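Order as written gives the chain letters A, B, C and D; numbering starts at 1 within each chain.
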Amino acid sequence: MLIVNSPVVETIQVHENIYIQKILSPEIARDIRPGQFLNIRVSETTNPLLRRPFSICDVDGDNIFIMFNVMGEGTKILACKQSGSFVDILGPLGNGFNLEDDYETAVFVAGGMGSAPFPYLTRKVKDSKKIISFVGGRSKNDLITYSLMNVHTSTDDGSEGFNGNIVQLLEKNLDKLTAEKIKIFGCGPNAMLKSLKDFCLKYDFNCEISTESAMACGFGICQGCPIESAANPDRYLLVCKDGPVFNSKDVVL
Amino acid sequence: MSNVDLSVSIGKLKLRNPIMLASGTVGYGNEISEFSDLNKLGAIVTKSLSLKPRKGNPPQRIVETPSGMLNAIGLANVGVDVFLKEKIPFLKKYDVPLVCNIAASTVEEFVECTRILDSEETIKAFEINVSCPNVKDGGLQFGNDIKAVGLVTSKVRAVTNKPLIIKLSPNVSYISEFAQVVKDEGGDAVSAINTLVGTAFNIVTKKPKIFNINGGLSGPAIKPVALAKVLEISRKVDVPIIGIGGIMNWKDVIEFMIVGASAVQIGTLNFIDPAAPERMIKELEDYCLSNGVNKISDLTASYII
Amino acid sequence: MSNVDLSVSIGKLKLRNPIMLASGTVGYGNEISEFSDLNKLGAIVTKSLSLKPRKGNPPQRIVETPSGMLNAIGLANVGVDVFLKEKIPFLKKYDVPLVCNIAASTVEEFVECTRILDSEETIKAFEINVSCPNVKDGGLQFGNDIKAVGLVTSKVRAVTNKPLIIKLSPNVSYISEFAQVVKDEGGDAVSAINTLVGTAFNIVTKKPKIFNINGGLSGPAIKPVALAKVLEISRKVDVPIIGIGGIMNWKDVIEFMIVGASAVQIGTLNFIDPAAPERMIKELEDYCLSNGVNKISDLTASYII
Amino acid sequence: MLIVNSPVVETIQVHENIYIQKILSPEIARDIRPGQFLNIRVSETTNPLLRRPFSICDVDGDNIFIMFNVMGEGTKILACKQSGSFVDILGPLGNGFNLEDDYETAVFVAGGMGSAPFPYLTRKVKDSKKIISFVGGRSKNDLITYSLMNVHTSTDDGSEGFNGNIVQLLEKNLDKLTAEKIKIFGCGPNAMLKSLKDFCLKYDFNCEISTESAMACGFGICQGCPIESAANPDRYLLVCKDGPVFNSKDVVL
């Protein structure tokens, strides 16, 4: 874990409300793994007060990338940071995806901004595994397929791809998934992760999910990010430290 | 080597400098040791410990507010036994005074926790949390009930000779009355303040943003209130005060000392910049050097009114 | 023309919408009329009036704090006589309900002020300020003394038939107890909250930044506390509540109504954007239209807990 | 009084810590008079919360100028606003200098940032009056003589100009001042204004001073900016509304 003040290289608007920010941060670039995240302070003033967590989206040499949606004050300020501005980064945080398991095909399942961690994961596994990406969104404009391979899409309103949710689309493609040894990686809203978990239980897939929570610190000292543990109902796990990536069997959503 | 004396005393408790890390904002020390050299700090206060482990409140536990945050962690903690077995060994490796913060729902439980922890020599003092606003089965009543605060103080006093600090609630009419009772019943010092009761609602769902409905407000938003509470105690009661609330930099530390604090605790700032407390110690030293302050403790209650 | 009903009732007091301007943040209406059409507003509350003119505190009277400000104006005001003679004529030109806020150091003075003002028909209601933290000779004691609040309420009630609102202090352990007394003694509504007691010191001079030492903290910093106080009253006492504290936009208005407010008052925001209150009324209407809210008063205490 | 969101044309650093900002604001430019001020909101967030008051420094066509010292958070944010950023302006505020009096020579007396209102005042009176400017500062680097005419300087440390304070320098130049009908215009810290006032009483000069105070609203509704009235000890005047310019005889400093 480091705290570094790193210069923004560029901020690119990729969708109406979505930005990709390239940041020069050799120290973070060297250490970070797919599925980990960064906690970024966007302003020196006390408003916003807390850091904002973002998944590592990609790494290229000394540069790191984050991809984000403008939600409120914090992401608005971040989106305005142009080349030469600095961002104060705390990271790498969390545990990241486990890339060591035994499988032939990596199946990425992303809902909305849940696409964020997959470009980096793609970069890391594409040489040794097959990749299929399933990307869902409410509507056409919510589909984020940046840097993904072999993409299947679904939209709730049918404006692009399969008309329905992303887990329904998975179920429809079940034959593709049972053909070989696969591992599923999911990221998106908790409701989506819950149905993905149920789907994986039903068909006995190995599945890792990247979960979300409100956070204050991001590194385990505030206890602000509990998630129910499947193994031990008497204690919560912490999304920031025990996660954000969990085997879907290990948490209750 | 500089010749500024940064050391302070809080009653019997001697610290090498006034920078303590506040309960609930530093866990049990492990994580923050990656950012700060614990041995440089004045003291560390543990997360509130209870007799039995507590799971704490379901999510959502925190929400940001203008220049502040609400939390309702619900005193999630490992309990005194696990603390002694699993957390103390790590803390033993350091030469930083450890203050054990205790939370309980009954006077007996406060006493029992203290008794169990008292023999552990790594623990240098106790801070009794009578003021947590986030638990439904006790907490708040204690902090707002002057008789209960007096009773807890005297009963806990009876089972320990270590420095005894009572952490006061700001959610009362006159905090100095509580400080007076603490002093009268044998407490060595008071910590002020714990969080202010606050809430926030989601206007779409009409539900509270945090599960517990109310949470505790911390951060720079509350600093003016915390300073006024410390000043109130300082002017009315002759008891050492640990100042807490919204400290963001060394200037805030000086401000708290001027209004009456002997030492301070850093809370919310640890989440934002866990390297800040250590840095502040250096900055305090620089301040003292360039302002001819030989002993930082001279600043305590140096207000001119 | 839209068919959203923005009107609200605070006991007997009917307002065309819930947006009132808070005492001490709108003077006597003149200046703000350059930015807002007063006739669009729910109501205006005057600066606290006292029997005799008050000079107020020497400078410095205000200081900014993180997302908030401290003030210690010291109830500077022209007094009831000059108010009736010089300020009422301007306010008469408008069709906006005028609420007279009254401050005093004794029960008799509260009664006397109310009696003098009662016959002026431009005045549609009284708001009794028992909670100003900035005057040394009275103010605070009233607000923190439940018997005094009860007494003021009943005595003032006896001399006016106009809607009687008591503005409560947040600097107490349980604000709902005060609201209960107000209701029991015949008050029509409560306003919550007045400012929190706070202070700030200059670390160079070691003197308080404001002359009065303590000031009242207002602005977005206090919003979570204000919401919790309104919710506390709403859950415990069946009395109309005017929600006040840190409102910066229409969403904050909705949030206050959800936790229990029948109407709200805008304070500090008037200094930053005096055109905001009028704009908010339009925004509230838009919100209601797009969310199927036919009567905005349905939002009051619509929390789901 | 208006509230306008106006674009910054440019922000120029003129001294180590001092900036001049040119803002395109035709509505303000049209109405504002020397000695009046603007209350500027530097950020949409709640920190800083309040507007910051600045004297009108100059007006040129549709452009207005402010000159400021970076003191804290607010002025720091302002200094970072480059071409294309916006500032939210409330003004014109206060009463401004009285330019109608009968005098031949205008004597400007400025301490530190007190120079700010004089470029505009110079522009307005230079065609009809003689001007002498006295500019004081603690040290060489604090002397701000931008756009001023006929400048005499003093520094407390003697690093430039007369060694002493600005009122001592005035006293030294008394012969120049008694030669003709003059009016003194002062702006600077209250301590300086106090000794200027005493000086003017002693030698019976007509003198207007621009005073300062902490402010919340800037237009008379908060009562946050009291200044003792010479005429009526029972009531304060308000710096923002009754001032900031007063005849030095009318206030107690």
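Criterion: a residue touches a chain if its C-beta (ideal position, glycine included) is under 8 Å from a C-beta of that chain, and two chains touch if they have at least 3 such contacts.
These figures come from a predicted structure and were not determined experimentally.
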Counting contact pairs by residue number and requiring over half to coincide, which of C-D, B-D or A-C is equivalent to A-B?
C-D
Please report how many Å separate the Cα centroid of chain B from that of chain D, as a whole number.
46
Centre-to-centre distance between chain D and chain C (centres being mean Cα positions), rounded to whole Å
36
Chain A, residues touching no fewer than two other chains:
46-48
Could you check chain B for residues that touch two or more other chains and list them?
66-68, 219-221
Drawing the touching chains as a network, do you get a line, a ring, a star, a complete graph or other?
complete
In the complex, the residues of chain A that touch chain C are 46-47
Applying the document's contact rule, which stretches of chain A touch chain B when the two form their complex?
1, 3, 41, 46-51, 90, 213-228, 234-236, 241
Enumerate the contact residues on chain C facing chain A in the complex.
66-67
Where on chain B is chain C touching in the complex?
65-68, 70, 144, 171-174, 196-201, 203, 205-208, 213-215, 217, 219-225, 227-228, 231, 246, 251, 254-255, 258-259, 302-305
Across the complex, what residues on chain D touch chain A?
43, 45-48, 73
